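Following are the structures in question.
One chain, chain A, appears in both complexes that follow, with chain B as partner in the first and chain C in the second.
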Partner chain A sequence: MFASSELNQRNRNRERVFRVLFGTMTALLVLPVIIILVTLVVKGGPVISVEFLFGNPTNGMTAGGIFPALLGTVWLVLVALLASVPLGVAAAIYLSEYAADNWFTRAINLAIINLAGVPSIVHALFGLGAFVVFFGLGTSILAASLTLAIMTLPVVIVATREALQAVPQSFREACWNMGATRWQTIHRVVLPNAITGVLTGVILEVSRTAGETAPIMFTGAAFFLPFLPQSVFDQTMALSLHLFVVSTQVPGMPEQLPFGVALVLIGIVLIMNSLSIALRMYLRGKKKW
Partner chain B sequence: MRKQLQISILMFAAGLVLTACGGGDQQRTIIQNKGSDTLVNVAQAWAEAYQRVDADVVVAVTGGGSGTGIAALINGTVDIANASREMKAKEIDQARAAGHDPVEHVVGYDALAVFLHADNPAVSLSIEQLAGIYGDGGEITRWTDIGLEVPGCKNQEIIVVSRQNNSGTYAYFREIVLGKTRDFRLGTRDMHGSKDVADLVEKTPCAIGYSGLAYTTDHTKLACIVNQGSACIEPSVATASDGSYPIARPLLMYTSGVPTGKVKQYLDWIMSDAGQCIIQDKGYAPVRGVTCS
Partner chain C sequence: MPANPARQTTEVLSNTDFDHRDLDWYIDRGVQILVFLGGISAIVFILGIFIFITKEGLGFILEDFSFREFLFSPTWRPTSELKETYGILALVAGTASVTGLAMLVAIPFSLGTAIFIAEFVDGKTREYLKVTVELLAAIPSVVWGFIGLSIMNPLIIDVFDVPVGLNVLNAGIILGLMAAPIMTSIAEDALKAVPDRYREAAEAMGATHWQVIYKVVLPAAKNGLLGAVLLGVGRGFGETMAVLMATGHSINIPTSVFDSVRALTATIAAELGETAVGSPHYQALFTIGVFLFVITFCINLTADLIVRGIRKE
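So, the complex of A and B:
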């Protein structure tokens, strides 16, 4: 009576096939990440030393360290964050909390999505035209970071807006019913509850900002500059460009050095990310729903 | 809850303060030097060595190609533009219109070598043969077409390695080998750096490529070049500076107006024996004979 019919059997077989198929796909996705990380650690690991991390490049950049590039990347990322996070969060608050759902808001949303789709080299040329030449910032950290900020704004806006929208409407209604204004509600209830989502956006932005090469190439990054930036108006070296340079532009480069640079770049992104992940976990622990 | 926002703001601030502590307070002059990828490694070596000559001057070197450097000179964003080709009349007009009168300085010579795999039996190639290999509609597509048998090369089909079309090296090779109007053939492998060309040819028996003499590796060989029936000339620093090697060009630095102050001192140092020995050490030809240790 409960013997499986032929149809049941076939469905079950099919089920198994799809399970294995999708499982394999997932494994295939993880594989490149593992291969990349293992290769970097194996080939680049031996290069990493205190001198490599904190020294100046020497001997045509084939020896010595990468400190100017390392510090340059930290500068670029932080200044880009300072520019894009307040702007992006403010825009997201407006779009999510204030703006009415009409054609104008939808057009803005569409523009943001399109901004996310603009290739980074186009942002680079825009940055060169706008910040370097028109605003006269010259090739500088500020010009490069502003270019990066514009490029990563959509990430911050979209992540923040989604975080804001994930806060239950009833929270806001409860607040309004107590007589709070819209701003009081946003600042005391909505934002604190959405902060973890905002940080997710920031994490994504940090990773992208640190790794981008094209937008900074014309706007602020130097091939070689054995000098630590003193202000945002200085030019700087950057790890991503340095990686490009040491792997393609310099003859007689020791084979492990580019791997070492790549490892440090990934390491920086991981450290910056884990700071905000730790902060996010701490804040999530306080969440009340 | 307000505290949570404060924590995150504090973290950003802390990060900034940390990085701000990185530098000292010295009064330094920064010379912006940008342009040719051919010249970028020499420019870097000069900048690195110049730190020991004048610690108050920092030379910021950026690549991007001759066109990038010249555009920056026109925009007034560099002190010295590096170029591996002369500025075009149009570019000079643009620069003058923007208030920058370009002054040219020849800082060395670059010989473009024709790279072959170490197993390739070819010794000399003529400019005409190169045109047949590289040119649009050229007849030479297999090594056997010029009577060669390259071991390890399947079908003897020539893999033609070239550069991306905004590279000064690309423009110069085209001008000498193909003339100003003829195009490169379709289907060339266009590499993004001088070093990539050498690296690819080194690994590919079928390949032929062109790149700066400085990019020679132990596992590639350089063809001796025959120009209009003359004896073949080996690419070398000596044949490039005396002008006998047919694919050699001057390496240029442009300044806006006659240089003064720190920029002048830097250029003078580049032209000195110390500077010229560095360019020779990088595999390019110096502007005059120098004796280096």
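So, the complex of A and C:
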């Protein structure tokens, strides 16, 4: 009575076929990228040394190190964070704690989706038209960082909103019942419970900001500078743009050097992302409610 | 003892001043206004972006702009001595061919991977695969461009015996690999959003695992999957650095995947640095920016409406 019929058998075979098919697809998606990463490590690894990380580019960038670009990326990321984290967290608090479910909130959400979806080169055009020309900041770290901040704002907003919404409603209600104001509740109860989640978003933003190239090309990053930036009103070199420059713009470039630059850039990005993921997992494991 | 206790209670209540606007009350109000400003900042920025790029391109749109030439001329020659021509047809063809090929690569692979992760594996394996996909999505576009330039380029020259490896095929594969992880994540979310009771009900009727996926889960997640595909298209359309480096950057209406092309985004990236602020060429590049903005806006809007459609159900 329970012996498998021919139909059953066929169905089961079909399932096996699809399992293998989709598994192969997954492997084919992941494998090339792993091969590419290994190639980067093999070719770029030998280039990396203390002198490479902390030296200046020499011989028209065909030799020497990447320190000015590395430092420039740190500048750009820090200034962008200073602008976007407070704004993004405020926006997330509004959306999670205050906003009603109406057309206005939907408009904000749509704006956030579009801010993330608008091509990076359009953000570059905006940065040039608004910050560099209209507000007269010139091509500077400040103009580039503000452009990056606007572009990566959705990352902070989305991560923070998720973290805030993960705090149970009963925590808030308990606090309100004690006579606390909305802000006291957010400040003393909601934010402390969500802070690690906010942190994962911030780290994710660091990674995104460090890798962006197009938005900074015309707003503050330079191909080559003989000096380090002294203030936010100076131009700077940046690691991402440096990779573009050494791999396309400089004749007579030794084959290995761009691989080294690419490896450092991707190393920073992947380490930041792994950190963010690890923090998220730790958080999920620790959750008490 | 008072004769009427209820009456006395009302008196006590009315004596208490509930409207004491102390410091905390004002702080609360202040914060509410501050976070509201944060909330509307996204709208302000998206409007700001549209207004600023339109304003910069306006001179061109009002004076030199010929709708027909702009959309239907395949000649983009902004620095010609004789007559500057601003036709984006070849650039659109470049962007479309690369994005089209990228989607041909990315759609089956990302949907297949999403189904595999969401329906066929669980526990640790699923976690590892999800983390891997997330990390893949994080690789910066300039690194992808570099990969196209330094790894794919010689590979294509070798395998297909063509003189140049920077072409539609190269950029399409690179862009496909770039878009696939993002599409996979969104598609996987859509599949996970299908309630388990749908699966259980189907299984209780005697459906096999594959029948459950094919007949129940996929139809239920249809809109979310469509949204994932649309967002992938938008991503490919707006990608800049990777297509700048991997397409070969020559103006061409492609006839085969081995032709070099030039994309809309890449044109802005390559030429903006060389133009004088306010010149017709500069304004024409901003007009391309407006074009890109409008198209990606429509794609994102459609994707959002489709995805929201299923949430309502």
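Just so it is clear, the second predicted complex is superposed on the first by the 270 of 289 C-alpha atoms of A that agree within 3 Å, B and C clash if a C-alpha of one lies under 4 Å from a C-alpha of the other, contacts with A are read in each partner's own complex, and residues count from 1 in each chain.
As a working rule, a contact is a pair of C-beta atoms (placed from the backbone, for glycine too) under 8 Å apart; a residue touches a chain by one contact, two chains touch by 3 or more.
What you are looking at is a predicted structure, and each value in this text was computed from that prediction instead of being measured.
Do chain B and chain C fit side by side on chain A after the overlay, or clash?
Superposition check on chain A flags a clash between chain B and chain C.
Touching A:Leu21, do we find chain B (first), chain C (second), both, or neither?
Only chain C is touched by A:Leu21; chain B is not.
So, A:Val269: does it touch chain B (first), chain C (second), both, or neither?
second
In the overlaid three-chain picture, which partner chain does A:Met61 touch, first (chain B) or second (chain C), both, or neither?
After superposition on chain A, A:Met61 lies in contact with chain B alone.
According to the stated criteria, A:Val250 is in contact with first (chain B), second (chain C), both, or neither; which is it?
It touches chain B, and chain C stays clear.
Mind working out whether A:Val74 is in touch with chain B, chain C, both or neither, as first, second, both or neither?
Touch status of A:Val74: first partner only.
State whether chain B or chain C is in contact with more residues of chain A in the superposed arrangement.
So, of the two partners, C touches more residues of chain A.
Classify the contacts of A:Leu225 with the two partner chains as first (chain B alone), second (chain C alone), both, or neither.
In the superposition, A:Leu225 contacts chain B only.
Tell me the contact category for A:Val133 with respect to chain B and chain C: first, second, both or neither.
Touch status of A:Val133: both partners.
Quick check on the superposed pair: does A:Met217 touch chain B, chain C, both, or neither? Answer first, second, both or neither.
both
Please indicate which partner A:Val190 is in contact with in the superposed arrangement: first for chain B, second for chain C, both, or neither.
Neither: A:Val190 stays clear of chain B and chain C.
For the combined three-chain arrangement, which segment of chain C clashes with chain B: 199-207, 217-225 or 271-279?
It is 271-279.
Go through chain A and flag every residue that touches chain B in one model and chain C in the other.
Touching chain B and chain C on chain A: residues 133, 217-218, 248.
Give every residue of chain B touching chain A within the complex, in rising order.
Where chain B meets chain A, its residues are 1-2, 4-5, 7-8, 11-12, 15-16, 19, 22-25, 28, 30, 32, 37, 40-41, 43-45, 47-48, 51, 58, 60-64, 68, 75, 77, 192-196, 198, 214-215, 217, 282.
Which residues, counting only chain A, touch chain C once they are in their complex?
Of all residues in chain A, those touching chain C are 8, 11-12, 14-15, 18-19, 21-23, 25-26, 28-30, 32-33, 36, 39-40, 86-95, 97-99, 107-115, 117-126, 128-130, 133-134, 150, 153-154, 157, 181-184, 186, 207-208, 210-214, 217-218, 240-241, 243-244, 247-248, 258-259, 262, 265-266, 269-270, 273-274, 277.
Which bits of chain C are touching chain A when the two form their complex?
Residue positions touching the partner: 24-25, 27-28, 31-32, 34-43, 45-46, 48-49, 52-53, 55-56, 108-110, 112-113, 115-117, 120, 129, 131-136, 138-143, 145-147, 149-151, 177, 180-181, 184, 208-211, 213, 231, 234-235, 237-241, 245, 265, 268-269, 272-273, 277, 285-286, 289, 292-293, 296-297, 299-301, 304.
Within their complex, state which residues of chain A touch chain B.
Touching chain B from chain A are residues 57-61, 71, 74-75, 78, 81-82, 85, 132-133, 138-139, 188-189, 191-192, 195, 199, 217-218, 221-230, 234-235, 245, 248-251, 275, 279, 283, 286.
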